[in-house]
Amino acid sequence: MTDYTPIQMMAAVASHQLEDGVIVGVGTGLPMIAGLLAQKTHAPNLIIFFESGCMAPQVPRLPLSVGDSRCVHRAVAATGLAGIMETGQRGMIDYAFLGGAEVDMYGNINSTVLGDHDSPKVRLPGSGGANDFGSLSWRTIIIARHEKDKLPERVNFITTPGYIDGPGSREEAGLPPGTGPYRVITNLALMGFDEDTCRMKLISLHPGVTLEQVIENTGFDLIIPEEIETSTPPTDEDLLRLKEIDPDGIIIGK
Amino acid sequence: MTDYTPIQMMAAVASHQLEDGVIVGVGTGLPMIAGLLAQKTHAPNLIIFFESGCMAPQVPRLPLSVGDSRCVHRAVAATGLAGIMETGQRGMIDYAFLGGAEVDMYGNINSTVLGDHDSPKVRLPGSGGANDFGSLSWRTIIIARHEKDKLPERVNFITTPGYIDGPGSREEAGLPPGTGPYRVITNLALMGFDEDTCRMKLISLHPGVTLEQVIENTGFDLIIPEEIETSTPPTDEDLLRLKEIDPDGIIIGK
Amino acid sequence: MIEEGHGELLSACTADEIREWNRKYKARGLIDKTATAREAVDRFVKDGAYLAIGGFGHVRISMPMIYEIVRQKVKHLRVSGHTAVHDLDVLIAGDCVDAVDVAYSFAFETRGLSKNGRRAVESGRVKCVEWTNGALSWRIKAAAMGLPFLPARNMLGSDTFNFSAAKTMVCPFTGQKLAALPALMPDVSIIHVHYADRYGNCLVRGTTVKDDDLAKASKRVIVTAERIVPDSFFRDAPERTTIPYFCVDAVIEAPWGSHPCNMPYEYYFDNEHLKDYLKAGANEKDLHAYLDRWVYSVKDFEEYLDLVGIKKLYELRRLEELR
Amino acid sequence: MIEEGHGELLSACTADEIREWNRKYKARGLIDKTATAREAVDRFVKDGAYLAIGGFGHVRISMPMIYEIVRQKVKHLRVSGHTAVHDLDVLIAGDCVDAVDVAYSFAFETRGLSKNGRRAVESGRVKCVEWTNGALSWRIKAAAMGLPFLPARNMLGSDTFNFSAAKTMVCPFTGQKLAALPALMPDVSIIHVHYADRYGNCLVRGTTVKDDDLAKASKRVIVTAERIVPDSFFRDAPERTTIPYFCVDAVIEAPWGSHPCNMPYEYYFDNEHLKDYLKAGANEKDLHAYLDRWVYSVKDFEEYLDLVGIKKLYELRRLEELR
C-alpha cells in the first residue's frame, strides 16, 4: 500500500475533480498543485488560467505566485486581471479552484478577516481573485482544513459568495444563474452540495477517516448521504508527479 | 503672387488652426491633408490620431483610408477604435478635424442622410468616428463646401452634435462640458462660433471673396463681426508640401 | 428622464445568453481548427445571421470569406458597419444583406460614395440603424466583457442616437446623464490576421481596429491568416497574442487574403481593381459581370488569385514597401 | 432596490474631473522624460497621495520607486491593493501607508502571511476597504475609458461588497441587477516594465496584470524600465506598445528594478532575501534594521544593487532561465 501524507491525499482528490478539456481558474497554493497534477495524469488537455493574465501556460514547476514567471511560461496568451475575469464573466471559465480560511455550510468562503472588520482579530489577505472566480465561474471547488472553527455554520465574513443564505440567494443577489460551489476538499473528506437545500453534503471519506471524525470536526450539520464512498487515494504515479511539480516541498512538504 | 486653388486655400487655412504639441483626431479626406501640412510647416510636434487605432504615426504620404498602412506607418502605438475614442473620452484629444455634407448655424454636422431616414433621397456614409470625435474632443474643426444648401439653418439629420439648439444644449444632452465646434473652414471663409449664442460667426474671408458672396451662399444668418479679417493664403512652401503629401492630387487635385 | 433611440436592435442578447452560449458551444481544448472557406461558410454562416467583419472596411478584411458568402448565396444577413467599405459593398452586390448597423458604410473614404451601396439603401432593399464607430466598438466590448451594456459619453444629443437602439441612463455615482449601449454579440465574425496557429491563436500587426474584442464577443469566429505559424510563435512571447485560440472556431490559410484591399505591412490597395469595381457599381448589369468574373466563375480564393496574377500581387507588395 | 457598500471611497473622481486633469496636466508632445527615482518621488509622490503600483505585488514591481518613497519618508499614502505583496509591505514597513483598497494584501501567497502587514491592520494603523482583483481592475479600466463607473457581475451577495464603496444598479436593457464599480483614478502610479523609450512608450512582456489601463487611468505615471530603447523599437512594430508615451510623466532606467522580486523573462525571486525580509517583519526592531541596511543607508538603487552583489543577480537570472 502506498504511503502518503494528508496534503498529498488532498492534492490527489482535488486533481480528480477536474475533467479534461475544461478551463479552470486556479488560486495560489494547493489549487495550483491540484491543477498541475491533473494535467500530468488524467487531464492532459486541462486548460489552466491564472488571474494575473496567464492563459494555458505550460508550467514547468510550482510557481510561488499566481503571477510569476512560471505561470506565464509558454502560455498561449498573456493578458491581465480584467482579461481573465472578463473571460469568466462571459461564461468561459468552467471551474474555479480556491482555498479559504473558513468555509460554511452554504459554501461561502472567508479569506478576509476574523473578528470585527474594522478592528480585526486576524487580518487575512482578502479576496484577491477569489470573489471574481467564485462569482463568475460555473463551478467552484474549495480546499480547506477540516476543523470545527474552519467549517462553521456561518463564516465570519463572506469574501466569496457560495450559496449565501441557501436556494435562490445567488440569483437574488444578481450573480449569474447556474453558478456556485461544487466540491469542498479537506484533509478528511470530499464534500459536495445538496441540490435542494444548497447545503454541504458528504460524498466520500478519505481512507482511514471515520464518519464520527468528520462530524466532530465540522461546525455545522453536514448532510450525510446513505451511501458514503471512500476517496481514491493518490497512486504511486500521483506521488511521483507531485514530487516533480513541487520538488522543494513548498506546498506538499518534504 | 502665389497661384492656388480653392482646395489648396482650404487646406492651408485648415492647417493654420492647429497648434503645435496638441493631439488631433483626423477624419478622412481634407482633414488628413490639413493635419499633415501642419506637421510639415508650423506644427512639427502635432500629434495625429486616426480613429482606426493609430497614435502619432509618421505618415509618409496621403493615406486612402484613415485605417490604411500609411496611417499606422511608424506610429508609436497601435490600438483600435475603442482605444482612440476612450483616449478622447478621458479628455486627451484636443481637436477633432471633421468633414460634413451639411453644417448648420450651431455647428451640427450631417453626414448620414438627405431626406427621410427610412426612405432617403441620398444615403451618406453615416457617423464613422465623427460623432465620437465631435462629442469627446475639446474642440471640433469642420470642413465644408460653402453653398446655401450645405450650410442650412438646421441640418437634415444631426450625425455629430454641434451646439445642438444653442447655449446649454450640449450639457443638457449629457455631452462633456467645455466641448464643441470651434472653427468651420469653407472654400470662401473661416468661421468660428459666438460665445454667447453659440451661433456661427464669420472670422475671415479668403482673399478675393466678398462678404456678399458669403452671405449669399450661407443658408442662415451668419453673425458678421465689425472687423473682418482676410484669411492667410497658402505660401509657396505650403503648396510644395501639399504636393509632397498628395503627389497624385487625389484630394488636392492636379 | 430616460431617453431611447427608436432604431431596431438588430442583434439582441442578454449577458446570461452570452454565458450560456459560451458554456455550451465554445471549445476549450487545443484542437486543430484548420478548414477551408467553403467549409467555414457552410458550417457557420447561416441565412439571416448577424455578421461582423474584422479590419477596417477596406483594410485587413477577409476577402476569401466574403467571396465565399457571395458564392454560396447566403441571404438576409444583418451586418455590423463599424467602418464597412468594400467588405459590405461586395456582400450587398451579392444581394446577401438585409440590414446594417451603420457607423460608416456605403462609401470608400477618399474614393467617394458607392453607387451600389447607396442604391441598396435608397431603394429600401437594405435597412439602416445608426450608430458610431465608437458605439459599435463599445457594444462589441460589452459582449466581450460579458456585460449586457456599457456606458458612454458619445451619441448624446444627436439624431444618430434617435435612430439607434441606445438609451440614456443616470450614473449611479455622479448622477450625470450617460449613453447606455447594448451589448452586441454577432452570430459570426470573420477576421483576417497576419499570423495564426492551427488552434486559432492570432497576431494582428498594426491596429486591431476592434478585432480583439470582436473575437471574444462573437458566437462563432472564423479567422483567415496570411500565414499559419507553429504555436511556439505565440508561446515564446504570449504578450503578442491578439486573439486567444478559444475564441476561434475555424482557421483558414489565406495569403493575400485582403486583396484587392490593403493589408498593413504586407501589400497596399489594388487601386485599379477597386476603381473597376466602383465603376461596375454604377449599374446592376456591370456589377453582375464583375461578380461573374471574380467570384462566381472561380472555385475558390486561390483561383481568384491566379486571375489577379502573381505579377500584380508582387507589385502591390512593392507599393506597400515604398509606403 | 439599490444597495451600497458602506466602505469609504478612498479616491473619488468624476468623469469630468478625469477630463479636466488630462486636458490641463498631461503633456501631448514627444518630450524626453528620463529622470531619477529621487526626482520622480520629489515631483510626483506627495504625502496623502493615492498610489497604485504596477505588476503583481511581488512580480514586476518598481522597487527603485518603492525604496525611494520609503527613503524620502512620504506619509499617509492610500494604496490600491490589487494583489499587493512585497510592494505594499515595504511601504507599510516604512510607515508610509494609512489606508488600502484591499483585494489581496498583507500576505505573500505561497510564502504565507506577513506579520508586518497584519500588525499594521490589526493595530488600526492601516485602514482597509474591501474590493476584489477583478473589481479594482475594472475600476481602473473605468477611469482609463473616461467613464465614471463600470457595471460588473462580481462582488454581489458578499461582505466584500458590504465593506466596499460599490453599489448595485439595474441594467437599462435587461432589467437585471448588476454591480456598479466607481472609477479609480490614482494620483500616481509606478510601473516597472521591460522596455521603455525616453518619451515613455513601454513594452511589458508576459502579463500586463492591469498596467495598460493603470497608465491611462492615473494622474501621474512613473515608469521604471529594465532597458531604455530607441523609439524605433516601438515605431517599427507599434502593436507591441503596451503603454503609449502620453500616459507617462517620468521614465527611469532601472535594470534589476524588481529585485528581490520576480521579473518574468529576466530574473526570478531572490528567495533568500525575501525570507530574511519576512523574518524581520516579526518585530519592528528587526524590520528597522532591515530598512536601515537596504534602504536608508544606501543612496539609490544602484548602491542597493551593489549591496546585493552581481554574483547574486546572475544567479537569479540563471534561476529564471532554468524556470
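For clarity, chains are labelled A, B, C and D in written order, and residue numbers in each chain start from 1.
The criterion applied here is as follows: contacts are C-beta pairs under 8 Å (C-beta built on N, C-alpha and C of every residue); 3 or more make two chains touch, one makes a residue touch a chain.
In this text the structure is predicted, and so the values were computed from the model without any measurement.
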{"item": "Chains in simultaneous contact with chain A and chain D", "value": "C"}
{"item": "Winner on C-beta contact pairs when B-D is weighed against B-C", "value": "B-C"}
{"item": "Centre distance in Å when chain B and chain D are each reduced to the mean of their C-alpha atoms", "value": "40"}
{"item": "Approximate Å spacing (C-alpha centroids) for the pair chain C, chain D", "value": "37"}
{"item": "Rounded Å distance between chain A and chain B, as computed from the means of their C-alpha atoms", "value": "57"}
{"item": "Length of the line joining the C-alpha centres of chain B and chain C, rounded to whole Å", "value": "28"}
{"item": "Junction residues of chain B - those touching two or more other chains", "value": "54, 72, 75, 78-79, 89, 136, 176"}
{"item": "Chain D, residues touching no fewer than two other chains", "value": "15-16, 146-147, 152-153, 176, 178, 205-208, 238-239"}
{"item": "Arrangement of touching chains [line / ring / star / complete / other]", "value": "other"}
{"item": "Every chain pair meeting the contact rule", "value": "A-C, A-D, B-C, B-D, C-D"}
{"item": "Complex contact set, residues of chain B against chain D", "value": "20-23, 45, 47, 54-58, 72, 74-79, 86-92, 94, 136, 138, 176-178"}
{"item": "Chain C-facing residues of chain D, complex", "value": "2, 14-16, 146-153, 167, 169, 171-174, 176, 178, 180, 182-183, 203-208, 237-240, 242"}
{"item": "Footprint of chain C on chain B - complex, ascending", "value": "28-29, 51-54, 60-70, 72-73, 75, 78-82, 85, 89, 112, 117-132, 135-136, 157-161, 164, 169-170, 172-176, 250-251"}
{"item": "Touching residues on chain C, where the partner in the complex is chain B", "value": "55-59, 81-83, 85, 102-107, 109-111, 113, 117-118, 121-122, 124, 127-128, 130-138, 141, 152-160, 163, 168, 176-179, 205-213, 262-265, 268-269, 271, 320, 323"}
{"item": "Sites on chain C touched by chain A in the complex", "value": "15-16, 18-23, 26-30, 143-147, 199, 201, 216, 231, 234-236, 238-239, 241, 244-246"}
